[in-house]
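Next come two complexes, and both contain chain A; in the first it sits with chain B, in the second with chain C.
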Partner chain A sequence: MADWFTLAAVFLLLSIAVALVRCWRGPGPVERIMAAQLAGTGVIGVAVVLGAARRDAAMLDAALIGTLLAAVAVTAFARSAARPGDRPDGSG
Partner chain B sequence: MTGAFDIILCLMILGAAGIALFVRDALAAIAFFIAFGNLLGLAWLGLDAVNVALAEIALGAGVTGVLLILARARLLALGDDATCADTSAWLRAGALAACAGFVLLLAAAVLSIPPESGLDRAVAPLMPGLGIENRVTGVLLAFRAYDTLLESFVLLGALVAVWSLAPAGVWPGRPADLGVADVPMRRVARSFGRFLLPVALVMAAYLVWAGSDVPGGAFQAGTVLAGGLMVSAIGGAIGLPRSDLPGLRVALVLGPLVFLLIGLAGMGFGGFLVYPEGSAKAAILAIEYSLFLSIGATLALLVAGPNVIGWPDPAGGTDRHSDC
Partner chain C sequence: MSWTDLAVLALLGAGLAFYGAGSLGLLRFPDTASRLHALTKADNLGLGLVALAAALHWGSLAVAAKIALVWLFAVIAAGITSQLLARQARLDGTRSHRDGVQP
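Our next item is the complex of A and B:
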């Protein structure tokens, strides 16, 4: 069973890598931050899967903290995105 | 399979660190710094060092990422384009050589530690006397409590240093408003802040309590509280307090002060920071709960920055620390 969890963790890691490629290429600030958020979601998934594989409930706490603080980062970005170019629809 | 996981994770950590260093766009660098912190947290989880993983994900990726995002926004607002300037090749080569030398020294130091010399075996027999299970908390709050006490004062000192950057004439005052200017966005952010702050408070209180027996603790919990306070401040659900507010001052010094008083009370039981037999857990929890409130308030105010608005301030604002 733990092997399947590890396999899932590897798959999730690879999906994080793809999200990071999007984050690198951009092109705009919104794409970068959304890709970073997607990578963060992947990291939370890996933490949950690792916790299941090793039967360690404390790893779920790490996933919870990641979830809470990812919301803070994206809120801080949305606050600073008052310039027209940063809005997805460009309406500013 | 575990080997494949470890290798892919290591490559991704190195790649994320490299891109964060070499990319020209400030926001891309910040995004990769956050991703780097999260991946590093995963590496600590993989090593079964969950206490460190919690701190890395909360502080390294979470609050530092928010700090960088807000710093970029502030730079843009001040007219700086927030891109990295060209530096001379000699400076780059010198920095590379210095960093490489430091990494080599660090690697030599780590590799020279014998594998069987961990603190674990020294600490394990002492734990039953404390009444808690988490050995990291045992070391931080009992066996090496002196370090943690000084650390809590360092954090307070950092806030005093940031506050001292306030320009003349705005003291006592409040930091720049973090709130969103755009009205529809502000409504969304406000209801989100109202939702997140109680959740963060519950999560943080749980982390302190859990920290006695499983990974957790006051620093991680304080970071989660600071995250909730920041989202609420960005949404305008709470206002940033004036720096001379008595309640705020109490919230900031409560943790270090309780720690110091309990430490001094220990003089009656055999020495500074010695806890009375049988009630060590109560003393540790009292210190941790007061520390977590102070750390949360301090971190949130560190992110908010120095005062820029003097009083009298027509906006009024609510006292967000009335619950502390």
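Our next item is the complex of A and C:
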């Protein structure tokens, strides 16, 4: 039963490979950040699946951290790419 | 193969199918908005199903609660990031593939 989960982890790594292709071909910066977010979701999936394969709760902490990192990465991108005058109170 | 094993396998298969659909959608869709759509929704549903399979296979309730927390954070993060990315794509002026198509 556990090896089914390991097989699932390998499949999720393939989805991260698809994210690399998107990152390579992506026309704009937004596509590249989407590829990073897909890789983040893939990492979360792999951590949960491998944790279930080995019944190791530490992998779930890794998945939690992966979730937060993916969110922070996209927020940092949105903050860095914003143009002046974008803040509603006019201070940006 | 007890009933729970069958349920776990079915959930795992469905989760991976949605994962694959989301990833392929990110690769094949014509413009930014539809790629964002595929990335945010299909992948998170896939993650939810895979997490459910993992929780069922694991057996203990505390771990299932932690897995549910992981999925909850992932869904919240995806909701926020898709709005940020869509706004950023619009600010960058990326053209939708339907521009100029009369409704």
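Note that the second predicted complex is superposed on the first by the 82 of 92 C-alpha atoms of A that agree within 3 Å, B and C clash if a C-alpha of one lies under 4 Å from a C-alpha of the other, contacts with A are read in each partner's own complex, and residues count from 1 in each chain.
Criterion: a residue touches a chain if its C-beta (ideal position, glycine included) is under 8 Å from a C-beta of that chain, and two chains touch if they have at least 3 such contacts.
Remember, predicted model here, so these are calculated numbers, not experimental data.
K.L.:
For the overlay on chain A, clash or fit between chain B and chain C?
P.N.:
In the superposition, chain B and chain C stay clear of each other.
K.L.:
So in the superposed three-chain picture, is A:77 touching just chain B, just chain C, both, or none of them (first/second/both/neither)?
P.N.:
both
K.L.:
Which of the two partners, first being chain B and second being chain C, lies in contact with A:60: first, second, both, or neither?
P.N.:
second
K.L.:
Please work out whether A:21 is in contact with chain B alone, chain C alone, both, or neither, and reply first, second, both or neither.
P.N.:
second
K.L.:
Who does A:29 touch here: chain B (first), chain C (second), both, or neither?
P.N.:
The answer is both, since A:29 touches chain B and chain C.
K.L.:
Taking the superposition on A as described, I'd like to know which of chain B and chain C A:52 touches: first, second, both or neither.
P.N.:
It touches chain C, and chain B stays clear.
K.L.:
One more residue to check, A:39. First (chain B), second (chain C), both or neither?
P.N.:
The answer is first: A:39 touches chain B but not chain C.
K.L.:
Pick one for A:13: touches chain B only (first), chain C only (second), both, or neither.
P.N.:
In the superposition, A:13 touches chain B alone.
K.L.:
Compute the least Cα distance separating chain B from chain C in the superposition and give it as a whole number of Å.
P.N.:
It comes out at 7 Å between the closest C-alpha atoms.
K.L.:
What part of chain A is shared between its chain B contacts and its chain C contacts?
P.N.:
In the superposed arrangement, which is not itself an observed complex, chain A uses residues 14, 29, 33, 35, 51, 57, 64, 68, 70-71, 75, 77-78, 82-83 for both chain B and chain C.
K.L.:
Please give the residue numbers of chain A that touch chain C in the complex, ascending.
P.N.:
Touching chain C: residues 1, 4-5, 8, 11-12, 14-15, 18-19, 21-22, 27-31, 33-35, 37-38, 41-42, 44-45, 48-49, 51-52, 55, 57, 60, 63-64, 67-68, 70-71, 74-75, 77-78, 81-83, 86 of chain A.
K.L.:
Under the touch definition given earlier, write down the residues of chain C that touch chain A in their complex.
P.N.:
Against chain A, the touching part of chain C is residues 5, 8-9, 12, 15-16, 19-20, 22-24, 26-27, 32, 35-36, 39, 43-44, 46-47, 50-51, 53-55, 57-58, 63, 66-67, 69-70, 73-74, 76-78, 80-81, 84-85, 87-89, 91-92, 94.
K.L.:
Applying the document's contact rule, which stretches of chain A touch chain B when the two form their complex?
P.N.:
Contact set of chain A toward chain B: 3, 6-7, 9-10, 13-14, 16-17, 20, 23-24, 26, 29, 32-33, 35-36, 39-40, 43, 46-47, 50-51, 54, 56-59, 61-62, 64-66, 68-73, 75-80, 82-83.
K.L.:
Which of the residues in chain B come into contact with chain A in the complex?
P.N.:
So the residues of chain B in touch with chain A come to 1-2, 4-5, 8-9, 12, 15-16, 19, 23, 25, 27-28, 31-32, 34-35, 38-39, 41-42, 45-46, 48, 50, 53-54, 57-58, 61-63, 65-66, 69-70, 72-73, 76, 178-182, 185, 189, 192-193, 196, 199-200, 203, 207, 210, 214-216, 220, 223-224, 227-228, 230-231, 234-235.
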